[in-house]
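Given below, in the form of structure tokens, are the structures.
Paired with chain B in one complex and with chain C in the other, chain A is shared by the two complexes that follow.
Coming up: the complex of A and B.
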């Protein structure tokens, strides 16, 4: 009894700062962000900020009726980020799983390799994506020199403009993201009891069958969480696009965060920018709710 | 998203703080100067020379007036957000530098103080286009500081080897380019900015104007007529004909500049500040500068540069204005432009200095004499965005081999619709 109370107090003491920080840096701004989506605040009255009028859903209506085409750009950016996620998440997962399974075996220097694979993940985004921008540059980039060295291309390919831009960002993002997934999967792999594999072997299960009927089901709880996190992260992908392609909202690889940044902070239409941010928030909340809800269903099972 | 959240936090935190303090101190400003002011400016010169100069000027100003100036150099990339935060909160800074195209937009927010030009020698003492950039609805909201424009730099060695002379018209520039790529290979004639350039419109507008086109006419978009199609096709033609390398499609302006400065290409439209880059990076480069080529309607150039403005919420406006007066005075102006920034003065009297009567400085001075500024509109940001977005889409078409007159026309029409929507919102 006494210990529990002590534990509770200790827990409150330890969680307190994190809760406060979350409240101050996340919840309050989100709250104000939502309010701003319902205010008429744009370039014509920015200096009156605290006293601007409330206009209901006009900012949302504006997005899709205004001739500036901001709503269309926003919708196509959501399309872009969906394609981006649909490629990045599965490919990243397959690479991560393969590496995790390799690293789960005994071999000399395993610990060092495990540490090394984290390198892409721990390098700062701004640094790494700048490096990738150089890698994909058409004139001096290493991708084009390798391709032309192999005789695969005659003219240098323009990677960072047009249809190829999304490919370039996807490659860089997969490279940057898989180590984290791999680390999680490796931890999960280590918790799978070996007797399950032995039992499978006794039943003459092939390698593929062991993967299909033992490994993947046992990894599912972790995989599901990873999937949920990846979907959320991919939806507000910003760094990779901003660093590699700039804040170009006309780009065929423009993503919602960039469109919002441009609208709110670039042309000072904070109302309509916030409205788009609120739509994004709603989509992400919905996805998260679905993920959490299906999780509960399964655990009932 | 995370970045956006942080920016929102900053904005809101400052609003809350501003709310607490109120505006009671406003009345305190009297005729006697004193106190402190905060001054934000951009890295107009390398830090090693810029910061000592600013410190010395601030110290001299303090001795003269008793006003302490706290200056802070802010990168162009951060400046826009920092300034909009200051405008939303009404504090944080007293005097700051804005790009000429920013001035009307910030004036429209109501966050900039009105300026009485008589304090600065009257409106006739400034370059006309720079003065125009400080205006919004027939009032002045800034003081022109320095001017810039782009002219045509050419590589004398490459020109001599190819046996050509600097072009004086856009048609001639094509002919010269053809001769140069015959000699030096595809993509060697000119470096141009592509989709990474935020300042793409400046490069295109001068071709449009030289062809007799206009960006807007009587409150409607006017750039999608024949002159606009011709101007945009000409720019894309540089890529399609191999005069500029396809790689230019992904360049920003500094990357294009570097290609010229390194001696890889024979021509580039660059500004006076690039002289400093050449001195530093490739001092042996044999180059010359000529005025931008003429189109069917004559010569045209873009007037850019920076103005100094005062925050409406400033509690020490008198000191802020005095500091601006000090910076645009002939002696400060000539030092700042001639020895530090290699920009051009925006005050007419500074040109009496013999430095501007010869060499490339005379070329830039002459180019500025017919330079045009964009319309001073609050919605200018939307207008520039719309045109630049479609411009970038055209560049993407061109390098994909999908561009023709009809496609160019369609992009310009799409931009014109968006510009008209923006113009309708200008109050």
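Coming up: the complex of A and C.
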């Protein structure tokens, strides 16, 4: 009994700072943000906070009745982020897995290659996405130059505005994202006991069968965690879109973070901005719940 | 016949080896390509970039600068105060790194070594805060900052400590989990023995644990540093004239009037240097740390 109490006190001291930071930066603002979605709050009454009127779901209604079309833009931004994720995550995963399997073999210079492929992960986002923005410039960039050199295009393609914008961001994001996944998969690959492959080989299993029945199942725990995190983090996507396409919400490739940022800090509609943020939060909570639920289901089996 | 099989296998394996090397080269080349473009751009004259046009022979955008120049580096601070942004980023990122390392060490120690009430709940909250999208609490966070400043007169927006607090808190969940798996790998008997010998908790943490988890401190520190160096969403709202970070500053090379790609590429290289130095010197720890933090069941 005494020991438990002592530990409670020691624990309180030790986790105190982390807990405080969590409350101040995450929990209180989130709570506050949910309330704000139901208040008529704007620049004029910001300072008079306790007396801001409660307006129920008006902020949500406003999104779709206001002439500015912010609700439409928000919906299409959710669509964009979904397409973005549906391409980026699987393609990134396949590249990551392929490279991890290549690097799982002993060869001269493996450490160097492993270090090199980590470069995209550690180079700052702003740096790399600006470089990709330069690469994709229609006139001075190198992509169009290469494509026309190969005889694939006649007219320069405009990459960063309009329909192609999402493609450009997807290419850059895959390039930036796969190395991290690959490193995790490589670490997991190295823990697979070699006997499993020996046994498979004795059974005359083909390369594809070994992949299907040994490698992939053994990688599943790590893959599941990585995929789950990428699906959720996917909704946070901001840097790549902000750097490559700017804060233009009329862009066909705007994402929710950019739309909300503009609504709240561009047009200073904090209420409707919060309403969209709450919708996004709900989507993510739902996804997390599904992920946790399926995980539990599996472990029960 | 037996001989034939061996021969075929050898030829076969030679073929696969060539393919293997080709694949590795392809991977490395596609990773390095944007870097080459960045480096080459940083040495190009503005006129070369401006007049680049692939339809005109002799003016195609090329990987090798036609007339290499250092002017982009010499003028790095002229149109955009890049060195000031660099200083801001360094102060904020190093501040975040130091705070995150200590706070996460304490919290992870409690999670790894102690039993306490609401431990499960606390752990669950750590996991879930990682899921919150920044945009969901940026607006209220901004308004709280404004309110606190109005009530107490303490300035939070556009200050180093305001941003350091913010980023530390962003980095903490992952840092705590990473640090915990380092601590879990240190035998508990070690600090139990010290406790029996009459050592106090702080002494145990600083004298016994701290030296043993050095690699963990390094990984956690670097993770926090990179996180703060990269962040743009909150920086775009909470920084101002005095605290603007490099991530945002880089965008200033391109304005509606002028696109200074050469200057931007030179700045990109300068901005990457601190991170690259950190990484190359500590590659092993970073890789270990990432794996420990992410691949955990």
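Quick notes on this structure:
By our rule, the second predicted complex is superposed on the first by the 272 of 301 C-alpha atoms of A that agree within 3 Å, B and C clash if a C-alpha of one lies under 4 Å from a C-alpha of the other, contacts with A are read in each partner's own complex, and residues count from 1 in each chain.
In this text, a residue touches a chain if its C-beta (ideal position, glycine included) is under 8 Å from a C-beta of that chain, and two chains touch if they have at least 3 such contacts.
Fair warning: this is a prediction, and the values are worked out from it, not measured in the lab.
Within the superposed three-chain model, A:32 lies in touch with chain B and with chain C [touch as defined at top]. Once the two complexes are overlaid on the shared chain, A:120 sits against chain C while remaining clear of chain B.
More residues of chain A lie in touch with C than with the remaining chain of the pair chain B and chain C.
Look at A:277: by the touch rule set out above, it reaches both chain B and chain C.
Contacts of A:135 after superposition on the shared chain: chain C is touched, whereas chain B is not. Once chain A of one complex is fitted onto chain A of the other, the partner contacts of A:149 are limited to chain C, with no touch recorded for chain B. Legend: residue contacts after superposition of the two complexes on their common chain; A:266 is shown touching chain B, with no touch to chain C.
By the document's definition of touching, of the two partners only chain B reaches A:44; chain C does not. Residue contacts after overlaying the shared chain place A:14 against chain C, while chain B stays out of touching range. In the superposition on chain A, contact of A:68 is made with chain B only, not with chain C.
Applying the stated touch rule to the two superposed structures, the overlap between the chain B and chain C interfaces on chain A comprises residues 25-26, 28-30, 32-33, 46-47, 49, 137, 139, 156, 236, 238-239, 242, 257, 260-261, 264-265, 277, 280.
Chain A contributes residues 4, 7-8, 10-15, 17-19, 21-22, 24-30, 32-33, 36, 41, 46-47, 49, 99, 102, 105, 107, 113-120, 122-128, 130-132, 134-135, 137, 139-142, 144-145, 148-149, 156, 175, 179-180, 183-184, 187-188, 221-222, 225-226, 229, 232, 235-236, 238-239, 242-243, 256-257, 260-261, 264-265, 270, 273-274, 277-278, 280-281, 284-285, 288 to its touches with chain C in the complex.
Of all residues in chain A, those touching chain B in their complex are 25-26, 28-30, 32-33, 43-50, 66-69, 137-139, 155-156, 158-163, 236, 238-239, 242, 245-246, 248-252, 257, 260-262, 264-268, 277, 280.
Chain B contributes residues 1-9, 12, 15, 19, 80-81, 84, 87-90, 105, 108-111, 194-196, 198, 245-247, 249-250, 252, 312-313, 378-379, 381-382, 385-386, 388-390, 392-393, 395-396, 399-400, 414, 417-418, 420-422, 424, 427 to its touches with chain A in the complex. On chain C, the positions that touch chain A within their shared complex are 20, 23-24, 27-28, 30-32, 34-35, 37-38, 41, 49-50, 52-55, 60-61, 63, 103-104, 106-107, 109-111, 114-117, 119, 122, 125-126, 128-129, 131-144, 146-147, 150, 165-166, 168-170, 172, 176, 201, 226, 229-230, 232-233, 236-237, 246-248, 250-251, 259, 261, 264-265, 268, 271-272, 275-276, 279-280, 283, 286-287, 290-291, 294-297.
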